[in-house]
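Think of it as A, B and C in the order they're written, each chain with its own count starting at 1.
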């Protein structure tokens, strides 16, 4: 159990790549925190720096208020699960799981007891005698999980552990991981590029881009109150629709001449800025489609993708392309002219620096 | 686990043409492999059989009588031949000493070179030269360097405070000198193989080991060494067989002397066959040698097979 | 004092990064330099002895600074007791070149056959071919000498060429088989669909793609043929005798003609030096038969 703190952590590689830039983050004791972001955003670097596999260029890392960034991996009480399993190819599953215990020179009987216990929890007793080359991907990752569990460490670090597994296995294993983590209450940092995965298991999510922390919060926080355009676009599938708007007044905007109704908090936020280059953001599920109405936002349907109980509709509007999600029985025909309506409270506005205008509700 | 497709056998060939294609495929296979197979059949398999045949005869090239069938009496004679026993013993000593030192030195040096420091790659490439140079020339130059009267080795020895030593003509020293020459020639090869094996070790396994809490020496003995085992065995067999059959150094430097102290099995075989011209006896030795080499090469082949299974 | 660029990923294979990295770096350079020097020193001796005068060669203590002379080279190549080294040199070149050519051609064909086709007994055949690499020449010369003698081919180029081809086939086949296996089979399947025959595919599609393998096995085969001594000595006399045979005659010269023999030794060794640097990349793969990549 550990409370982890990153204070001003930066990591620049010898070739000049700035993988982490001024990271300040607190990971609460016992929580499952996801690092979410596209490839190259620094999430893997963050976890490696925490593990001790890379050194910190600047700043420091604390575990329970003790500084650990100068310690080698062996001295930090963390266990890691790798994307490519990183199992010892020449050892059986049993020996793989036992290795951390052998490193600490525990007596053989205790090693045997603890490894068998883990094997039972993970339902893998029948696989203990096999080498990694004879295990499937899912089984290999289970061994990796076992190797991490057997140590009862202060923190779990997981670097895209399910990346190489098939879809159904991913769903199954992530649920197992979450259950285990809840039961053991070990602080866990989980790296992934899959927001659905993050949404499913994380207590809190950290969105990263280009080495910087963009926003930290629960999935709903990120979904409803994205703090900038990157988070707004990255979180939520299909992604948010962005339309350029003109500012018609201190507190009103229009899209290609069509006045957009704004909620009061948004109008207040708008009054607070002088910015004239603004972007409107709307989530596909916040659109309603209906017959075209004058002086409203209308467009032509370009593509309809049925997805079972709902359909994804691509619409071409004078202001740009848009995507909407509608119930299957209400879907329009391709080529039809339709009108788009949306509720004022569900809108997001972004200024010229791509920051979201603060609507002042809840926190952020 | 998917099997990788590398041969046509798994190709789904269209039905109507399948007969024609199968015939064409068989023809192609035969045409491609037959020439090489023929050469090896004639120059490898047949000589072995022929050697067996010769070994069962009294066959002296120097005498006017034709070869005479002798059953297994050549082998019988070998069994009681003290000089043969000595040659086997000398060969054994040579192999154990030379290959042993090469393996240890080569192994250690591989770690020294296992780094990306600037210039090390060039140095490493330069070290390979001894292993590629004509062995006869190696014998020539070390014969020069070990010379009692003007040899450079003696010069070093005297500088270190000793007196001039007849390296190549004094008892046990002669064999040690040959061993030293062989070590000079083949340690780079061993080092290179271990170096390549080290480079091929997966980095992620070491990351996992460090996270698991293994200390440096634990990592070496529990991870590095076991993962290097296939390479160690492969190099061991290659060197052992090559040391067993090497002749050039003895030929150039000691000619089996002094008094049989460096008479390795190949030398005894060679002198029996081409100086004493006793072909039958030499053939018997050859057959025994071939038997030994066959066993070792089978081990090697089995090793290669198992390597393909380990990830 | 910086001795070189030490990067994070430098110390592979589990060697821990210690706080004081520079003493280890210096130590590495020291050991590496000493070892490399030790490896190269005898080669230096060959060259310098070839360039020394006779008095310098026999001098005690050994002479390090001397006035070089090409007398030994001249003697060995043109004069020496009726045994000029030139014909030996030429024979070595011819025999190495032709046997390498044959080994590569026959070997590539067979390697492709092994890589792409299956047939009964393939595994056993392949392993038998691999095991011929270990054939001890000293055990084979007894039957082979008789065979060559009965065929009337003693002291002929063709005998050595064929024997060296057989000697190198194992290496060529085993290495090229690996290279051929690495070609994605889809490329050849596409050619099949386009109507090419299997042999045409071998010649036009597969072979060009394994050029690096061909180059390295050719160079290795050439080196092995060039260096080979026992078969050459037993089976040739004067017409087809190669450089090693000339060098073997050193003992007959009563151990006095050091300069001339070192000169020939230099000539025997020089081509190797040239080719080694071209070879580096696939060398280990070649020398261990693909067991270690």
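Following the convention adopted for this analysis, a contact is a pair of C-beta atoms (placed from the backbone, for glycine too) under 8 Å apart; a residue touches a chain by one contact, two chains touch by 3 or more.
On a predicted model such as this, the values are computed, not experimentally measured, just so you know.
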(request) Have a look at A-B versus B-C and report the one with more C-beta pairs in contact. (result) B-C
(request) Could you work out which chain's C-alpha centre is the most distant one from the centre of subunit B? (result) A
(message) So the centre of each chain is just the mean of its C-alpha atoms; given that, what is the distance between subunit A and subunit B in Å?
(response) 57
(message) Report the inter-centroid distance (CA atoms only) between subunit B and subunit C in whole Å.
(response) 15
(message) I need the residues of subunit B touching at least two other chains; which ones are they?
(response) 209-210, 223
(message) At least two partner chains per residue is the criterion; list those residues in subunit C.
(response) 7, 16
(message) Going by the contact rule already set, what residues in subunit A reach two or more other chains?
(response) 72
(request) Show which residues of subunit A lie in contact with subunit B when the two form their complex. (result) 51-53, 72-74, 78-80, 82, 84, 86-91, 99-100, 102-104, 132-133, 136, 147, 151
(request) Give every residue of subunit B touching subunit A within the complex, in rising order. (result) 1, 202, 204-205, 207-215, 218, 222-223, 226-227, 229, 309-311
(request) Using the touch rule from the top, collect the residues of subunit C that touch subunit B in their complex. (result) 3-7, 9-16, 25, 28-29, 31-33, 35-36, 38-40, 42-43, 45-46, 49, 57-62, 106-107, 109-110, 112-119, 125, 127, 129-147, 162-163, 165-166, 169, 173, 181, 185, 189, 192, 197-199, 202, 223, 226-227, 229-230, 234, 243-244, 247-248, 250-251, 258, 261-262, 265, 268-269, 272-273, 276-277, 280, 283-284, 287-289, 291-293
(request) Please give the residue numbers of subunit B that touch subunit C in the complex, ascending. (result) 5-9, 11, 24-26, 28-29, 31-33, 35-37, 39-40, 42-44, 46-48, 50-51, 54, 109, 111-120, 123-138, 140-142, 144-145, 149-152, 155, 158, 184, 188-189, 192-193, 195-201, 203, 206, 209-210, 216, 219-220, 223-224, 230-231, 234-235, 238, 241, 244-245, 247-248, 251-252, 255, 266, 269-270, 273-274, 279, 282-283, 285-287, 289-290, 293-294, 296-298, 300-301, 303-304, 307
